[in-house]
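Have a look at this one before I ask anything.
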Amino acid sequence: MSGTPKQDFGLFSNVLPSTRLRWKGRVEFVIEYLIRFAGLSTILIVGLIFYFLLREGTAAFLDIPLRQLFGNRWYPIEDFFGIWPLIVGSILVTIGAVIIALPLGLTTAIYLGEFAPQWQREILKPLIEVLAGIPSIVLGFLGWVALAPIIQQMGAPTGLTIFTGSLILAYMSLPTIISISEDALYAVPKGFRDGALAIGATQWQTTWRVILPAARSGLVIAVMLGIGRAIGETMAVMMVTGNAANIPVLGPDMIFQPVRTMTATIAAEMGEVAQGSLHYSVLFWIGIVLFVITFGINSLAGRLMGTQAGRRRKGQL
Amino acid sequence: MSITPAKIAIQDVYFTYGDGAEALRDISLDIYEKEIFVLFGPSRSGKTTLLRLLNRLSDLFEDATVRGTILFDGQDIFDYRVNVAGLRRRISMVFAVPTPLPGSIRDNLTYGLRMAGIRNERVLRERVERSLQQAALWNEVKDRLDKSAFALSGGQQQRLCLARSLALEPDVIVLDNPTSGLDPLSTESVEESLQDLKQRYTIIIVPHSVQQGSRIADRAAFLLDGELIEVGKATQIFVEPQDQRTEDYITGRFG
Amino acid sequence: MMDEQSSTGDQSLMDDQTPMAEQINDNKIEVQDFDFYYGDFQALKSLNISVRRNQITALIGPSGCGKSTFLRAMNRMNDTIRNTRAEGIVLLDSKNIYDEDVDVTELRQRVGMVFQRPNPFPQSVYDNVAFGPRVLGLAREGNGLEEIVQESLENAGLWHEIRHRLRDPAFGLSPGQQQRLCIARTIAVRPEVILMDEPCSALDPVATLHIEDLMRQLAEQYTIVIVTHNMQQAARASHWTGFFWLGKLVEFNQTAEIFRAPHEKLTESYITGRRG
Amino acid sequence: MKRQQANKLAVGIISAVAALVVIPIMLVIVFIIVRGISAISWEFLTAAPRQGMTEGGIMPAILGTVILTFGTFIACIPLAIGAAIYLAEYAGDNRLTHWVRLAIVNLAGIPSIVYGLFGLGAFVLFLGLGTSIIAGSLTLGIMTLPVVISTAEEAILAVPQRFRTVSLSLGATRWQTIRHQVLPQALPGIITGVILGLSRAAGETAPILFTVAAFYLPQLPHSMLDQTMALPYHLYVISTQVPGMPLSIQYGTALVLLLIVLSLTLVATIVRTSMRRRREW
């Protein structure tokens, strides 16, 4: 019997002469090492971003009492660094954007995924990509020169309001919401669709009762990432929300009041502060708050995605 | 009793996927040189897994665990010193669906050789012609070797894949349901090629159906739920199987 | 007198037609010169076939021969695939289902379908079976729905196994149970025809036998068409068998006849395992 | 039949809402083109701004954006492609991979203004590069990473598994398989992702505010350590910071920016569709 292994592994050895083989093996080793490094560097970068925010922003944290830091008066010239009005501003504009974008985005995704004939899909999808491609500054510019006057004519005291910002933001987050929801709908196994149709359900019944529930988690992710996108938007918001660092008075016309968001504050004021000053470091502190908020939202969305991704990861070596 | 040493000896092999599903349990069987060995059984009985173990394509399954030994010409293929690429050139595989690589017919045939570092044009040309002739494809494609491999019909593509394996001059050819995507006529031509190839190669095949298995096999093994139920000469296993389950399957009680 | 004479005349006329009329009535589905295309590829070539009422018709043949395509043509599930085209006539109770005025959802209610892989919805067992009655408005909660669910599960031979698990997710069932659940889901809308596309190919021997028994019981009430790659299954469980080869119907006959003495060489070589 | 009508109604409403999304997009583009086209002239495109930017052209800003886009390309590509290959081909299903994915999702979600802060802290100050093209390119490059990684990974994953299996079964090593089968087939998708990422970068304002952009610099940069003007920032400046700015110049600048960005998107789409059509599998 030939059970005992022979020493001669020439049997499976490469056809290449051994020196060339060794050299080739080493090149491959280096390449694979670099690829791994590239992959892991993404973690490093997130860490570095947080580190540099902290580095410049800790002074604010150390020198200003926390209560004042989260106070409701933002008036840097007199050393009032309460960022609460800015947080409220960001939240209000974002909520407005979500209220507008959610129904529009999900419905459009449903239309694209389930109802649109092929030729419409071929027109609509690139158009939505175009929307994703329009720079935020261009939309902000349009909001500033075209949309704001219209809103003012509608009776608002100024055209630069929460509503203006929300409207622009909504359209900016639409591509995110639409494309991710559409993916989620697409990922619903064909068998569910077939099963429902084969019983005699109409297309709408199939969509509403089978496909949407099955795609639920993906749709939630879409909405979350849409929110993340909206809360971090800077230029457009800065141009159209009026930049008033006050907390709007609750009431029916609240949406027609101006606010100032966290992002806009950084963008508008960083250019005018001395490096190393307290104001400077507070602006970084706002950056930290933004980072933490978006990090939270995205990590949550990422976790939801992770549970979904298992299925998709079959295309691997 | 046969005293011929086995070409491939599978000894007490267990295979468990990363998710804990046990695909193979205690498989032991010998495959001899220059025979057509048929592995059959219902879907998910472990046939494909076993095939992929032979040339260690099973390495692709993440976190899967293998226990047991597979000896190829007496050498353990799971030894850490084994050159896996080299092993795969010796035990070459043809898949269920015709899988030409993007590129010309010639590119397909020489791919494995080029990856092995063979650049000599003359050698490559010779291998292309010889392997195409062995797969009974030479006459059909000799004038369009530089055309896309995808322009061939399904049956031709599958014979091209066979030729691509033959170009490596392997010892063993492993075929995983090679006629599943083919129409009946192409199926016949592939089956005919196999009979010729038996003269030179050891052939291990998962057939498309029990009927196909019985048409081509010298010896055969029946797998069910990852276990080896029965192995033996085709004349015996397809005609008067020893095990009731084999008989049930062959006579179509299930599957 | 005149009346009597004329009536007897009519009678005799009727007598002449009766066998014909009966035979027409006997056919639940009649397919005439049916072609089907995926893009440029013709998958079905001028099919003519009659499906008998309350009998089981099996369609066999090698894979890719068009039997599944044909099955999906009978409830127009192929409509959901882009770039396909059907030509010819499929009569369901003498009405062409490809006519303009046909309501496809109603057609699919009448002609139910069970798929190759069990495809329960990601919902509870109960909701799966209740899905059809709900969407079709056949019954409501507290007004017949529970009865329909129970009856359907009973008819699918599943009631006793899972009556205590109606609220559990359907994915928790074994594959064989899932497939019977899909059958229950199909019969809950009281179809007239049930199409089965290799319903046992993903199942183990025991579950396979279960489904075959079930088919025989269901045939008392329903007309069943089953696609199978397992010839023995066709031989065991069907009354009629059609043999497909490269998009054509080569032979169609009583199952016993096909397996005992096929008329065509091709059929014979296929069922004896020399081809395919 | 009632449910048929419900179906029709639902489809009607859904189509109407979809139109509500699409029509404003077209309006925006048409509006900018109509208002901006009159400002576009040879001089506008090739001259530097004069008279406090109220006259002349926007050439330095256009050129600045082109340079920055190119710099972004250099800064982003090696790392992005490497990471994409890692995720698609090497990463196991383990904790580490999980973290990498989480990092990428988060990179994609970090607000652009925070990238600007990071660039200021890390490149401008810590590395001492000052407000410079190189600092701006690095900032934009890192911001662009997640887009390119995700699209490139998707392109790589879209290469059918069977080609990898076949290649390995023919005795190719893992890297040979990636190099000779996977990457060539994924290339169109990767290129598309790269161009899309660059088009985003070209239109961004917030990350360059403190890292490179010059308010008014009517000359061309001399080295990678110089500041430069850039179109998006220029549009911001002339529309909000300069009183008495002629509207036509504002619209003209917006139009030029939009055209640059959208033409990149268009190129990406064309690459994708044409390569997809040529693909054999």
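For clarity, chains are labelled A, B, C and D in written order, and residue numbers in each chain start from 1.
Here is the rule we use: a contact is a pair of C-beta atoms (placed from the backbone, for glycine too) under 8 Å apart; a residue touches a chain by one contact, two chains touch by 3 or more.
Everything numeric in this text was worked out from a predicted model, so none of it was measured.
Counting hops only between chains that touch, chain A reaches chain C in a minimum of 1. For chain pairs C-D and B-D, the one joined by more C-beta pairs in contact is B-D.
In this assembly, the C-alpha centroid of chain C lies 53 Å from the C-alpha centroid of chain D. One finds 47 Å separating the Cα centroids of chain B and chain D. Rounded to whole angstrom, the centroid-to-centroid distance between chain B and chain C, based on C-alpha atoms, equals 37 Å. Multi-chain contact residues of chain A (touching two or more other chains) are listed as 202, 205, 316-317.
Under the contact definition stated at the top, the residues of chain D that touch 2 or more other chains are 3-4, 93, 168, 173, 176.
Within chain B, residues 60, 62, 85-86, 89, 116 each touch two or more of the remaining chains.
Contact residues on chain B toward chain C in their complex (touch as defined above): 42-43, 180-184, 187-188, 208-212, 214-215, 248, 251-255. Interface of chain C with chain A (complex): residues 75, 77, 80, 82, 105-110, 112-113, 115, 117, 119-123, 131-132, 134-136, 182, 185-186, 189. Within the complex, the chain D residues that touch chain B are 92-93, 162-163, 165-173, 176, 180-181, 184-185, 279-281.
Looking at the complex, you find that chain D touches chain A at residues 3-4, 6-7, 10-11, 13-15, 17-18, 20-22, 24-26, 28-29, 31-32, 78-83, 85-91, 93, 96, 98-118, 120-122, 125-126, 142, 145, 149, 156-161, 164, 168, 173-178, 196, 199-200, 202-206, 209-210, 232-233, 235-236, 239-240, 247, 250, 254, 257-258, 261-262, 264-265, 269. The touching residues of chain A, counted against chain D in their complex, run 28, 31-32, 34-43, 45-46, 48-49, 52-53, 55-56, 103-105, 107-108, 110-112, 115-116, 124, 126-131, 133-142, 144-146, 171, 174, 178, 202-205, 208, 225, 228-229, 231-235, 239, 263, 266-267, 270-271, 275, 283-284, 287, 290-291, 294-295, 297-299, 301-303, 305-306, 309-310, 312-317.
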